[in-house]
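In the two complexes that follow, subunit A is the common piece, with subunit B as its partner first and subunit C second.
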Partner chain A sequence: MTSIAKPQIPLLPLERNQLGLTIRDYSGSMSTLCAGCGHDSVTAAIQEALWGLSIPPYQVAKLSGIGCSSKTPQYFDAAAVGFNSVHGRMAAVASGAAAANRGLVVVGVSGDGDSLSIGLGNLAHAIRRNVRMLYVIANNGVYGLTKGQFSASADIGSRSRKGEPNLLPPVDPMLLGLSLGATFLARGFSGDKAQLVPILKAGLSHGGFALVDVISPCVQFNDHEGSTKSFRYVREHELQDIEADIIPVRGQIHSEQTPGAVTEVELHDGSRVLFRAVPEGYDPRDRVRVGSYLVESARRGEIATGLLYLDEETPDMHQLSETPEERLWDLPFERLCPGSAELARFQARLR
Partner chain B sequence: MGRLPRAAVAELAPRRTLAPIPVTDVEDPSYFHKVVDCQWACPAHTDVPQYIRLIGQGRYGDAYLLNRKSNVFPGILGRTCDRPCEPACRRGRVDGDAVAICRLKRVASDLREDVGWGLPRAAEARNGRRVACVGAGPASLTVANDLMPLGYEVTIFERQQLPGGLMRTNIPAFRLPAQVLDEEIAVILDMGVDIRYGTEIGSMRELLQMGYDAVFVGSGAPRGKELELPGRHDEVGETHIHIGIDWLESIAFGHVNKVGRRVLIIGVGNTAMDCCRSSRRLGGEDIRVMARRPRQYFKASPWELEDAEEEGVQIVVNHAPRRFIIEDGRLVGMEFDQVRWDEGAVHSTTLGTVRIDCDDVILAIGQENAFPWIERDLPLEFTSPQLAAVDEVTMQSTVPGVFFGGDSAFGAKNIIWAVEHGHQAAISIHNHCQGVPVAERPAQVMKLSSRKMGITQWSYHNDYNPHGRQEMARVDLKRRFERLNLEVELGFGPEETAREVERCLNCDIQTAFQAPLCIECDACIDVCPVRCLTIVRPDWADEAELRTRLNAPAENRSQAIFVSEALPQTGRVMVKDENLCVHCGLCAERCPTAAWDMARFELGIPYAGRPAEVP
Partner chain C sequence: MAEVQLPEAPSRARVNEFAIKLANVNGTGSASTNNLLMQTIFRMGVPVSGKNLFPSNIQGLPTWYEVRVSQSGHTARTASFDLMVAMNGQTYQQDIEEVASGGYLVYDDSWPLNPEMRRPDITFLGAPLAQLCAQRFTTVKERILMKNVATAGLVAALLALPLEELSKQLVAAYSRRPQLLEDNQAALELGYRYALDNFSCPLPFHVEQMGAPDGRILIDGNTAVALGAVFAGATVGAWYPITPATSVMENFVRLCAQYRRHPGPDGREAHDYLILQAEDELAALGIVVGASWAGARAFTSTSGPGLSLMQELLGLAYYTEVPAVLVDVQRAGPSTGMPTRVQQADLFSAAFASHGDTRHILLFPSDPRECFLHTVQAFDLAERFQTPVLVMSDLDIGMNDWEVPELTWDDSYRPDRGRLLGTEELERLEHFWRYGDPDLQWTTPRAVPGETPRAGHLVRGSGHDLRALYTERPDEYQEVVDRLLRKHQAAATHLPPPVVELREGAPFGVISMGSCDLAVREALEEFPGPAPSYLRITGYPFPPAVAEFIEAHTHCYVVEQNRDAQLRSLLLIETGAGGERLRPVLSYGGLPITASFIRDRILEQESPQ
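Then we have the complex of A and B:
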């Protein structure tokens, strides 16, 4: 926790985005997390991604569950709407927000406990529905708020601060997502914003559920020798060979100059993701190959990062449900709720 | 997950071979000293942030003594200093207005309790060495201040009947009351200085034959420049054309007490400002300061110009004097060329000629050194007809044991430079008298000490205070001219002082970095309100390239870039742009490993017979 607010010093001619806003316009209150927490870097990366894409700050819904990671929405984009929901239920609340107002940019921030333990069922079904949102898991392998017990993402053999090894297998959100039909799967590292920011931008531009697993070390309970989610361990075992760039719709397009080694995927909104330096034969749209790549790299003790899987074909929740193009809360009451006569007619059809 | 041996990882991600990192040497006292912009800019290197902090704590006496250690005359300088610290002040780069450093110095002086315990005292036993000083201005007084406690017998020869030199004769009493002057000079003279008033040294040769162990020339630059134009030397009854500094001196000693209704001042330096404001008090009503060039080229300090204009003085630009108009043996006016300047004000075009009527003209176009009393056949070499050859470090002339300081050394500067010259000359005189080569200078030392008191607690106020620079209250214009010596500025009151001290950004509390502790979590980079920190791979070609690769491009080249040694985990380096850092300490608050700390930088400055030390 810091003792003073960030001084708003008019020192720099800060860069402005297309809305004429500076990065400061996307900031929230000062972090109350432990000094050095990886989550603060995730916050800073989200802030930079929102600013970089010129998303109007008030158009963002920021939602979270309970936990250290779930405190972070407080620390970015003060103009956005949102709240800490129930533990593990952020995905459900976010689905509701996305259903009611399809114009919102929904950003959910959760942790490995909130998403992979108590909230696993909620996460699974939001993935299946392909709710259009950015879902960030700030993954540190421990329950930091309750003093460092292993979480569901802790690796076998990873040691606690007191030296005890974890014996249970980890839930890998990437493999989980792949098995459930996720359409956007990426992994980043809080200590590497150069990679994380483009991933978050791509996730925000994606037309469905964008699941981003961010290894975000807990400096207090999981940054020691023997941990597999410490700054040092991740730096020594990170595989960055799936390097991805995002080119927003407004970015300059030089498609004819795209080198042959680059795989290109167009996103829903017309922006494009360029995959470069991918391992030979890697196709980010081939679910089977991506799955085996993830299993193999995990077996080698490597942490594969980057934009790992992308599917732009699967319809999102609104398309699946054939909802109207307008936002539900813009609909006149009579259309949104056609009355008991209409209900009776509908029920009669099902008898 | 299994573990991979590190070697295998290195193979997966081969690193480029890098050139050696130009790691910043923060052990060199000049590195952090330069970050303290005000202290670096001050010729005497006064520890400004610390005295401002002491004022904030109500420790006025301590603040006064800290000032006095380096600048000897806090009360005088708190009113009259040229303030090289203020244009340098970091706060000026942040919100456009420097901290009112000079005014706070005056607060320390005005509100100090009895500080007798901390003032220098003459040595109980004399060391048998005798030093002669010429002129009782700030330079000579500083020499006496430094040497009397060491046991030297210091004799000062002063042609006037009162000490102070230019501080008394050229600075009007409405800016610097005589009482302030007397008080601070008395501290030095009362140590037992042998001061000989009314004694003008007529010959350097004779002075050298008087058997002193060292001679210090601190006689100033006493000759006001002439304006040789038609009419200047015409036969007139009573002259109405005055040389500025002589005229001010005559006012100071009561020889002049009136001036005509219409006064023209030629020149726009600080002396011109003192002349026009003095005219206003001696009966002048229509007072114009005539400048050849546009305002941005004026030599006068902006605040002195404002003070003059507030008192109804007109500043007239782009007028080049052509001739004095003398009619019937009497000055009646001056003729000027109206000019237009090209960009940069190098060349001018004359547009026409204009006559301005006046009763008096005061020439304030600069002053020169004059040493009619130094024989040119001595081994004492001159670099120009007016200036002796003086070493910039030792202040020694080409005659061993003869030193110069203040305006006598390199031409007209200011009081604070005179003080610094005095300190350096005193070191040289001490060396000279002890048989140590004068070029052997005692070293500066430094100390860094953490200000950490708790997890997010520091022993300094690190929050940013958005207040603007406080205004100085002045005597009402209706009352201001009642007496010639009525001090105009009233000094800061408690409220202005309380606000102004908090505007200081504590540049002496350094953001100090220890690379081996860093885990590269990015917390400092994320929290920094001015984006002055960056972690980069050390593969830049030169500093110019590095400056473009930072989170905020480092465009102010006069400010240093800090480069750490390689960070343990990735071999990258931490880079800090000192220009932007506002010393808020947030990086240190968010640092989980205390790789960043807020540490006070103290500079130990050596004085004659007192090696540098930091407590």
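Then we have the complex of A and C:
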């Protein structure tokens, strides 16, 4: 089976972004995922966020590991160069790409198996390095592509389709990220695009590693009674009380009135995020409070969503490495090679 | 083998032609003393090599340093020592056994030597260095450190090394620390004087000045690799520490700090490089693959265990045709094995690294100079052929100082970026097919992310067609992998050419690679009867000259440092030569191979019992 080109159904005149591009200019091939799979909504939200921020489609480097979720870079932004790598290693491969070219808009899409099981080590260290990228975990609590085994994010007691309960504690990427010094942590739900798109936009505008955990139910293996990653469970238990709007620097304010206590944080590229936090005293920059909020909501069986944590102070990988503004990959060779005279001088002390 | 009887009074020939070994305890500062001796002999213009035999341990275990001096240029390791400097009571027994008959052993007679250990055929020279140092220096630490320096002084007197030369080096090393310099000088003289006053100096074998070491340098392979990476324009390095590869990236860090920091437009110093110490070797190679995919010259360095972890990503880079440079500084054994001992035992896991049908390009440098050259070439080959290139160094080359001709650089060199297309070229194309339109070397157009909408495609490790689109069709899959095989074959004639030395009337050929070179040459030079031919393999895939060499001889000995005859197997697979034509000569105990081992193994098989 080859990939399928998307039929271009004529629609009403489509809205254009600042580059004069429509959402279609950010689309890819037809999805080959199961009908109703949460991952397709994640793809659509990424596409919309890129379009909404008027990012030139070819400036994106899209990467993934292996899994149903990791197939999705084929389904958006066909003008970009992408890399569907190996299971669990996307964070490392993306770190390398970001190192070579700091001008890229690096978008990584992964699954809970890809990121929290086999690739946990590489994810953890990409977070620590604060590689500037958007890293999306399309989290369904199972291994979709290998047909329904529990992943490391399955909740205790959550049942497989055959009915066996999961006995091991889940890895929560938000709590994990918090302990690793992550600089941007957000959670969304594939079924709630209105919340997800602004989160993704904020992640794309962030000056470091933006980790976005998206609950994305698997309709084949994990969307049944007893699964905490089912559409129904999430709808009933989602805590949407940390509201965040993004005001991109490139104009186009996607923000309604923001009454109540508003916390404003400026992002790397000058855009601003406005937090309207319902929980009393919720400060997205207070690691300790965010941590206890996450633990408490998890204990109640609730899923805290929204932009949960933000730190725009910590330098990213390039700042830490003191690299130049230019891209490393095509620096002029003359600047890189010391030349024959230096080689002779270097060897003077080896004689 | 018959014992070689040494003449009673060693002849003139022993001047500048001998080997010594220093036995020490690691973590006591003996390394700088060893260096002092080696450097001095090198500066006297006499060919010399130094091999550090150290344990995988930080402090307290035995360590040895072997110095071979050879005016005829035979500086491969030898297992026969004319002088043993036994400064480690733990290893006396073994050290005494290793002295050649008629040789000498220096020991510290601050403590008596067990008389049972004495051998009648060697001369024991006792010097109370510990006592002398205890009288002269106050703290325990000083006494231990300075005993090493006093040992150097003593050896210098025995070998007729000029005291001024050693002391000049101390001045260079400690010019900013006057107290330390004074102590070092005092210790040096202490040992030197003691030897002059108590022994008949110099020994019959010793060093005589041969002129300045013009055009030659002392350098280790790992430093040379790092230099190669800097000169080739590598900007991204990723690694995970492992002996004996660690100093590759440590040197790259140091050299980048020296050569790659430039004031930017804002006056701030910018670093034209980005080096990541990764969390493991999977990430290290992942970073390299990602950086190379995005256009940078990127590399990693590792050793056997790391190479094992990198297998899956090597397959990814091979199949998706992403360049990558990997320097494998080989060490001994499966698993942890013997991390501080040498072998050439990663050929199988490198040549066919990863599952499925994979083949990689390997280069086999034989000394630090070739480490430099091959590393530069590895970056060009990786980009030209859009595939991983593995530089197969080893611990002996990588971590020991070798005397080699000075490195040179052609300032007109520019990186060969292969078919990496620029924006304009891409925009002129009718269509961009990542895996279509192969050239004569079977390589296809490549585009990096971020440049132009014309290049949009998704590289994938899953089955793909010419446009990089997903496929499970047999014909489409095969079209790509068949081209990969042709591409690999095409690379053979672009690698450093093998060294072929055909000799008229040669009774047989000898084939070897890498750090075996000096020992093989020494063995062949002294081989009784007509001289055998020699082929040194420098890369894989093999060019036609390799099969031709095998064809030209009734049989060949394949000399290598592993148990399983990995090079021989590779030759059998690739050249179609019959097994009986290639006879293995295998050294795999972890110490560098010697000429006498090679000669004996070949002689055994050449002269039927």
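We adopt the following convention: the second predicted complex is superposed on the first by the 314 of 351 C-alpha atoms of A that agree within 3 Å, B and C clash if a C-alpha of one lies under 4 Å from a C-alpha of the other, contacts with A are read in each partner's own complex, and residues count from 1 in each chain.
In this text, a residue touches a chain if its C-beta (ideal position, glycine included) is under 8 Å from a C-beta of that chain, and two chains touch if they have at least 3 such contacts.
In this text, all values refer to a predicted model and were calculated from it rather than measured experimentally.
Touch criterion not met for A:Gly65: it reaches neither subunit B nor subunit C.
Contact with subunit B, but none with subunit C, is seen for A:Lys6 once the two complexes are overlaid on the shared chain. By the touch criterion stated above, A:Asp40 is placed in contact with subunit B alone, subunit C being left untouched.
Judged by the touch definition given at the top, the superposed model places A:Gly121 against subunit C, while subunit B stays out of reach. With both structures placed on the common chain, the touch criterion links A:Gly208 to neither subunit B nor subunit C.
After superposition on the shared chain, subunit A has more residues touched by C, the comparison being subunit B against subunit C. In the superposition on chain A, the residues of subunit A touched by subunit B in one structure and by subunit C in the other are 1-3. Subunit B contributes residues 1-4, 6, 9, 12-13, 93-95, 455-458, 462-464, 466, 519-523, 525-527, 529-531, 552, 569-570, 580, 582, 584, 586, 589-593 to its touches with subunit A in the complex.
Those residues of subunit C that touch subunit A in the complex are listed here as 43, 213, 216-219, 227, 230-233, 235-236, 238, 259-260, 262, 264-265, 268-276, 278-280, 282-296, 298, 312-313, 316, 320, 406-411, 413-415, 447-453, 455-462, 465, 469-473.
Residues 1-3, 56-63, 66, 73-74, 77-86, 88-89, 91-101, 103-104, 121-122, 124-125, 129, 317-318, 321-325, 327-331, 333, 335-340, 342-344, 346-347, 350-351 of subunit A touch subunit C in their complex. Considering their complex, residues 1-12, 31, 34-38, 40-41, 43-44, 155-158, 190-191, 193, 217, 219-220, 223, 228, 231-232, 235-237, 239-240, 298-302 of subunit A touch subunit B.
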